[in-house]
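Have a look at the structure that comes next, please.
Which chain is which? They are A, B, C, D, E and F, in the order written, and residues in each are numbered from 1.
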Amino acid sequence: MDAKKFENIVNDLSDLKKYESLYHFAKNEEPLPSIENLTTIVEDIKKVLFPGFFGQSELKEETINYYIGTKLDVINRSLAEQIRRGFCFSCNKSDLNCIDCEKRSKEISDQFISNIPKIKSLLATDVIAAFNGDPAAKNYGETIFCYPSIVAITYYRIAHELLELGVELIPRIISEMSHSKTGIDIHPGATIGEYFFIDHGTGVVIGETTIIGKNVRIYQGVTLGAKSFPLDENGKPIKGIARHPIIEDEVTIYSNATILGRITIGEGATIGGNQWVTEAVVAKTKVN
Amino acid sequence: MDAKKFENIVNDLSDLKKYESLYHFAKNEEPLPSIENLTTIVEDIKKVLFPGFFGQSELKEETINYYIGTKLDVINRSLAEQIRRGFCFSCNKSDLNCIDCEKRSKEISDQFISNIPKIKSLLATDVIAAFNGDPAAKNYGETIFCYPSIVAITYYRIAHELLELGVELIPRIISEMSHSKTGIDIHPGATIGEYFFIDHGTGVVIGETTIIGKNVRIYQGVTLGAKSFPLDENGKPIKGIARHPIIEDEVTIYSNATILGRITIGEGATIGGNQWVTEAVVAKTKVN
Amino acid sequence: MDAKKFENIVNDLSDLKKYESLYHFAKNEEPLPSIENLTTIVEDIKKVLFPGFFGQSELKEETINYYIGTKLDVINRSLAEQIRRGFCFSCNKSDLNCIDCEKRSKEISDQFISNIPKIKSLLATDVIAAFNGDPAAKNYGETIFCYPSIVAITYYRIAHELLELGVELIPRIISEMSHSKTGIDIHPGATIGEYFFIDHGTGVVIGETTIIGKNVRIYQGVTLGAKSFPLDENGKPIKGIARHPIIEDEVTIYSNATILGRITIGEGATIGGNQWVTEAVVAKTKVN
Amino acid sequence: MDAKKFENIVNDLSDLKKYESLYHFAKNEEPLPSIENLTTIVEDIKKVLFPGFFGQSELKEETINYYIGTKLDVINRSLAEQIRRGFCFSCNKSDLNCIDCEKRSKEISDQFISNIPKIKSLLATDVIAAFNGDPAAKNYGETIFCYPSIVAITYYRIAHELLELGVELIPRIISEMSHSKTGIDIHPGATIGEYFFIDHGTGVVIGETTIIGKNVRIYQGVTLGAKSFPLDENGKPIKGIARHPIIEDEVTIYSNATILGRITIGEGATIGGNQWVTEAVVAKTKVN
Amino acid sequence: MDAKKFENIVNDLSDLKKYESLYHFAKNEEPLPSIENLTTIVEDIKKVLFPGFFGQSELKEETINYYIGTKLDVINRSLAEQIRRGFCFSCNKSDLNCIDCEKRSKEISDQFISNIPKIKSLLATDVIAAFNGDPAAKNYGETIFCYPSIVAITYYRIAHELLELGVELIPRIISEMSHSKTGIDIHPGATIGEYFFIDHGTGVVIGETTIIGKNVRIYQGVTLGAKSFPLDENGKPIKGIARHPIIEDEVTIYSNATILGRITIGEGATIGGNQWVTEAVVAKTKVN
Amino acid sequence: MDAKKFENIVNDLSDLKKYESLYHFAKNEEPLPSIENLTTIVEDIKKVLFPGFFGQSELKEETINYYIGTKLDVINRSLAEQIRRGFCFSCNKSDLNCIDCEKRSKEISDQFISNIPKIKSLLATDVIAAFNGDPAAKNYGETIFCYPSIVAITYYRIAHELLELGVELIPRIISEMSHSKTGIDIHPGATIGEYFFIDHGTGVVIGETTIIGKNVRIYQGVTLGAKSFPLDENGKPIKGIARHPIIEDEVTIYSNATILGRITIGEGATIGGNQWVTEAVVAKTKVN
């Protein structure tokens, strides 16, 4: 290519004003969260949650605590760093106080570490739900080792915990990792109770303000979405309004059903496959 | 974090009794099947099935047999090792006889190698089906090189063969690899005839006991599922019952159709998009 | 395994005549396009399109042009090589003129580089559409960094540009990379206007001859497909006929709707979730 | 190349009888020790010996024990495996008892782990010797981090310990790793006391039966070699005879000096640069 | 191994007081300089010094400046980070001021970048010297591409420049990288003029306070060392005293010669192989 | 750094005229030989020369020919490519005929493949020499697996063969790889007979025109060099003159001996350690 023409293209593409929304300039020289590092962090958390299944597979009772301790310390450090980068990404203040931000990142990471046992307890129920929910499952271990449901719920429970602790950006990155792997799209803002199982899973969408109780089972292609969302005076969507369904305990939702809006599906109800539901469903009823 | 608090978290997470179902302790010091090694094995099998497309792309007629021979020997050795690990994973006997198990693993791997030509013959028909089934396809090579249908069927035919030979766990791992890549979820237990084509494919689910004839074509979002599954006296699903459809030869099933239960879709029938089918369909009819 | 038996299997699998359609012999000793190299090329193009988000995250205004210039030069060289391999793959002429082919590959790559600013301008509108279309989005950067919609549209716009320039095979490879990551299957032949947004996205299919206007928004599971396709005298599909919908400006299509055939969805129309549409829709109407 | 000619070359090179001494056939299907794994093992041992210098550089007092415990357990397991392979390499018995061999390998590895504190104590003296011996050294840490002397002695002390425990082949592999890195060739059979320092080091040779006392300092190019070695009735060298020098405490040997044969260099002696010494040297004298 | 015994070993090896000199605790949470990163930095500097030889080998005149600019910016940033770590490593002050230290690191890195053209000019003379000094050399490019002399001098000139700018630890790390690759040990403190050539090189030692003029040529095994070094009242060597030779312009020193002490080898002198020189040599004389 | 200043440094370093000898511009767009690829080629040749020792360590008699055939084909192809690059590097003709050059490269590579059995036969003698020459050697396998002598001779025999076949640049690259690993510097132009052994080896130099007979054994630090080399009318060394020693059969040369000039060391002679020899030595005599 002609050298001058090449230079013009370079200059066009380097023109910060022309494509303003497409550039990210590091604030305070802080890079973006690293997708590669976050991938490692999530994989390390999985090693702590399901010892013997991922990574170090020759676990022994006598030495397991050394492995757990090392992994937790590594996770704690890396996560604090990524949390800080997430804050930097979203930071708009000209008077930002980076030292406080670093301290807060470490505190959040410490708090996350403290909450891993809670996540582990929840996942123990999800593993049982997967085994019980699928006649093809041979044992608990098989569901941990290769079920997309367990992948999706593990990522969700981690991302949700981080969101609850006030972490920016990272929960969404983690949920999209899981979405890409499994085809299951669970927004980290959703609330999901224990013993949750998704069979097959591809195409499942669970929106930001969804609330799901205990012992809920859903199948591939199920949408728990918003019916519509109100716009502000500029025609932009108003952020953060509760707009997704409430699914009570013991509900089953079969494949490709769509449930839209802030409606309640009552305890023990069953929603048939392909159903389109935009109004509340009474407890223990079936929608076919 | 406070050192004592950290130690408490470590101890909690190292407590084998507390989260019993979430740990895997290697039996007989044998690690779990390696997802990384299985990935390599499947990629190597693909190099043997479709020479020149994957890996070594500068194939020559004079030397092809050296490459095929080397790959087969490598596959045979690695696969025997993984098969053995799969048996260890599922092994419950206290009186397990590891030497017999190792011998059996090698025999199964040998048998699998012997069956690769059969798999190759079947895939040759699937490639033709993909080319004929998609007006956008330019040539056979394009379908081999980048169609998710060919990815999914290749993984399925490998996994199914291993399952037929009595291999534990690994068939499911391979089918989930394919599911993650393509959004197509074919249980390795399903039986699928020659000339099979899935267009687009995301969201397709083909259940464990499904039987599919020859020349069948399906589209994205199709479910061949179970209508319900009987529970045992403890409320647990009974494993292994035939509960998915029988699809006879020459059937076409359009996008997002759902076919549930042990019903037969007769030869040459056509199921329209979005249809919900729970009863048998007579041969050569159309369901719209 | 018995050495003789092993040799027989090797010979069977090396038999070029037996499985003719499954082999690729390099023409003119030219290997196939490399999926690994194409992955790097697309990642490099993303670094140029969204500076600071991917790869080099500590961008400074003073040095950005060096990075852009280097990346463009690397892309230009690698892409020309891959384009040439794509031509070789499809090449059938016995009298092929490789020197002209190499020259043409470089010219196409040069032309692609010249068109990157156009692609960048279009993507700037897609980023705004994603932010405005999702109440859960916090800022433009978040959509660039982790929305599958932006992944899918970026890959599509690159693949479409290459297809327009006459590149063989590679556009389809790039679209399948995106399909695998996101579950969104956009054929590079489709035409898509500015401000395009796909929410969640898993299961979306946009066929080869689809035409989409400006400000169109679609949701997960939407199919813009062919109703049927005519066969030639040999019963093979006739390639290249316009057979997918035309979606005019300002249209919204909700989740899992299916629109089939060369029909027009008029400007500003709304298609409800789960709808099955095979006839034209008048502008500004709603289909529920 | 002509296919037949190529086949002939392949057959010649595959002819086991023709080049018998150049083939290694795994005994009992056991591969050779892995240089890659041994490299990792030695690097891991260095992380335990010099915490904070190699690998995990952000050490904290509260968590150091988790890291040490994990590394030791990993080393123990990998080393046992490599020790076993070393025995297999040297194994000539037709009636070999592999189970005993595996057990012995684990016991040796356990014993090595138990002796790491002893190695660490010795190396602590070598670090002080390096700092005191080189006016250019700034602090202890610098010698640990980048002095070839410390590299060579660390590898030596590990290899020597393994040799003492009866390990086959591996000590020599480790000593050649060090030789390649530093140009210092210390046979693992040599005996070397505390506070040992080699300045610059390239070209140093310390033979198999050398005995070195405490506080010895040597410079580049020094040879502690054999003067000659007796042959057996077949004209082959008799293995294992004491044939290298004894260097007593507090000796200094300057650059390129050569000391040959089973002679004693008495306590506190100094050997000048380039000296050729083949007879015993009295304590506290200087050879110039 | 017995769990309690294992724990005791872990505790022994984690005992900070017991092996005090062998631990490195990060000051201010700052890790040690990374040998891996420094390796990359030096390789990148080589790409800037010898464009087209290392890394990007398809250089074009029209785009070279983009590559140089990008590499320099990458080097500048990475180097500043490593310089800072080097300061942290050596930092003893309890009242350390990290912000000033970071600023100083950046200034030094900027200064180093400014001095690269000077280094490049010197190396251009060394390349000519290598070509003229070795009858076996075919062209300049061959010496750049594979002569250990050019490797050693390049590393030395980089390390020396960094030492001159006050950088801690890193110059020694770089010189030991070169020592390990080439067997040539040049202390970064030495001063070496233009047109310097070392033939073969293994075993060469050039001490910290050596001064070498222009057009000097030396061969393998040459030592430019200290004769002795004075000890302080504690018997420790006094650091930093001029104790190595001064080699004036046009001197040639043949293989394995040893020159010790702060003596001057006069302009144009020749030192024969294996010579042992501890007294000044008059200009234009030969020592045989 | 100030942006303008930075730009000036970039421009200076991009100034092709200023540092002319330091740039390599690819001729005919052909990159330099790749050190990475050559490393792989040499490692692959070692796998063919010493089956079971390097790489595939679980060799079986039944399948060895597939591995040898595949490796040879891979080597042949990669080597032809590197040979061509070597010619491009040295190519000065403006009317270069690249098609002939490519053809010649392939022919040379074919010829090299044909000569591998000859190299293998020679190395079989070197392995025996190493075992017989070192009382510390336990078996043939140990010398193959970890003796620097075998590394150096293997690289030398490969490089020498390539040089004999007229390959440019690559023989020197290979010999420097070996020099860096072992400290043994053998010019590929030297001629070395069978049963050659170098003990320890660091610092050995064997010059370009050296001729070595059969059953020769040398020790560390031995130089077989040029005494001086004649200059042409411009004061540049005349290339290619025979200037290194001839060492006849059965000669032993002990450590650090130096033999300079085109002199003959007669059959069966012994040269003592540290000797400086510049005149011919009569057969069967000892120089001490």
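The definition used in the following text is that contacts are C-beta pairs under 8 Å (C-beta built on N, C-alpha and C of every residue); 3 or more make two chains touch, one makes a residue touch a chain.
Given the structure is predicted, the values throughout are model-derived calculations rather than measurements.
Repeated interface: A-B and one of B-F, A-C or A-E share more than half of their contact pairs by residue number, and that pair is A-C. Taking the CA centroid of chain A as reference, the farthest chain centroid is that of F. Between the CA-based centres of chain B and chain C the separation comes to 27 Å, rounded to the whole angstrom.
With centres defined as mean CA coordinates, chain F is found 57 Å away from chain A. Centre to centre, using the average C-alpha position, chain A and chain D are separated by 51 Å. Within chain C, contacts with two or more other chains are made by residues 6, 10, 58, 60, 63, 65-66, 69, 73, 183, 202-203, 221, 256, 274.
Viewed as a network of touching protein chains, the structure does not reduce to a path, ring, star or complete graph.
Here, these are the chain pairs in contact: A-B, A-C, A-D, A-E, B-C, B-D, B-F, C-E, C-F, D-E, D-F, E-F. Within the complex formed with chain F, the chain D residues making contact are 1, 5-7, 9-14, 16, 19, 21-26, 29, 31-32, 89-90, 168-169, 172-173, 176, 179-180, 183, 185, 187, 189, 202-203, 205, 207-208, 221, 223, 225-226, 229, 236-241, 243, 256, 258, 260, 274, 276.
Within the complex, the chain D residues that touch chain E are 48-53, 57-61, 64-65, 68-69, 72-73, 76, 110, 113-114, 116-117, 120-121, 123-124, 127-128, 132-142, 144-148, 181-183, 200, 202-203, 219-221, 255-256, 273-274.
By the touch criterion given at the top, residues 58, 60, 63, 65-67, 69-70, 73, 77 of chain C touch chain E in their complex.
Those residues of chain A whose C-beta lies close enough to touch chain E in the complex are 3, 6, 10, 62-63, 66.
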